[in-house]
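We call the chains A, B, C, D, E and F, going by the order they appear; numbering starts again at 1 in every chain.
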Amino acid sequence: MPLVQVTMLQGRTADQKRKIAQRITDTMVEEAGARREAIVVTFLEVSKESYASGGVLMADKQPT
Amino acid sequence: MPLVQVTMLQGRTADQKRKIAQRITDTMVEEAGARREAIVVTFLEVSKESYASGGVLMADKQPT
Amino acid sequence: MPLVQVTMLQGRTADQKRKIAQRITDTMVEEAGARREAIVVTFLEVSKESYASGGVLMADKQPT
Amino acid sequence: MPLVQVTMLQGRTADQKRKIAQRITDTMVEEAGARREAIVVTFLEVSKESYASGGVLMADKQPT
Amino acid sequence: MPLVQVTMLQGRTADQKRKIAQRITDTMVEEAGARREAIVVTFLEVSKESYASGGVLMADKQPT
Amino acid sequence: MPLVQVTMLQGRTADQKRKIAQRITDTMVEEAGARREAIVVTFLEVSKESYASGGVLMADKQPT
């Protein structure tokens, strides 16, 4: 009965989330022996002003 | 000092959240012996495209 | 399909958690219209050295 | 830069977690366009007394 | 490689989040010995109807 | 009333967590205008087998 919470930047399409949910669910069935119906995947989507790595907001990063 | 985080689909009214927060708080006071003032309940509300069970987005489920 | 995560100090019994899970589930069915089978309640239990309020670890608080 | 948190029952082996982390990371690279090095997967493992579905602790469920 | 998730009411500015992320990151480097580049800080911002303390939604609290 | 959840590898001392909680709380008071008493900091500590970055468990990483 795994619960999988994905925190990521806003902007992915419904189709991207559809495929991510499918593949993560398949993974939990095949590798953890979980029952498919009991697996929940949720997405928390945050803005570039609400996500920092290395102490720097994504909104402030230079493209590389 | 319990923290209770509720992740659910968008669309509940303020009044529903008011009652849920009250009853969960009562539960934690009465069953866990927590101090009422120290209990926090938060709601994370996600869209139907951000919540999947059994590998299928809620947005893709047929009504049953 | 709400997911409810309860973060609290270690030391509650299984019976306390049983009752908390029952009452929170009842609350989500009755107030949010959720399907009972789809509600998940999890407990994350932390030590007194892993929980601070007001900037002070629970392990350092004087009994009042 | 997705963060993926997996909450599941205790008892999976390190090798199961290794494979789950690999496959979830591959999924996020391939479907979400995330940079591999920036993806973090964490596992929160809870006991059967700390996980309930349908209002019933896993510790209380009859094998089916 | 600490992950720090901050749940708070909506309404802080980008500059407030920028400073919070910097200072929390500095703290984790200096006190926990973490590598700066590996520290992630995320903000989950909720409305006053989605945050309750003491069983009362923030939206219902009287200013004091 | 911010809630700050820190997920990190096991092995930090109580004193490290004490200082981290103090400094994060100070940060939230000074930068977010939060009331000190309402700030909660929790630590979720995971093993090297329960934390992966770049698809590799910390337990499998070579020291560099």
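Going forward, a contact is a pair of C-beta atoms (placed from the backbone, for glycine too) under 8 Å apart; a residue touches a chain by one contact, two chains touch by 3 or more.
Not measured: the values here are computed from a predicted model.
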Contacts common to chain B and chain F (chain labels): C, E
For chain D, the least number of touch steps when starting out from chain B: 2
Of all other chains, the one whose Cα centre sits farthest from chain E: D
Gap in Å, rounded to a whole number, between the CA centres of chain F and chain A: 21
Chain D-chain E separation of Cα centroids, rounded to whole Å: 24
Mean-CA-position distance for chain F and chain E (Å): 12
Chain B residues counted as touching two or more neighbouring chains: 1, 3, 5, 7, 38, 40, 42, 44, 51, 53
Category of the chain touch graph - line, ring, star, complete, other: other
Chains grouped in pairs wherever the two touch, ordered by label: A-B, A-C, A-D, A-E, B-C, B-E, B-F, C-D, C-F, D-E, D-F, E-F
Complex contact set, residues of chain E against chain F: 1-9, 12, 16, 19-20, 23-24, 27-28, 31-32, 34, 38, 51, 53, 58
Chain C residues touching chain D - in the complex, by the definition given at the top: 5, 14, 17-18, 21-22, 25-26, 36-45
Partner chain B, residues of chain F touching it in the complex: 1, 3, 40, 42
Chain D-touching residues of chain F, taken from the complex the two chains share: 7, 44, 46, 49-57, 59-60
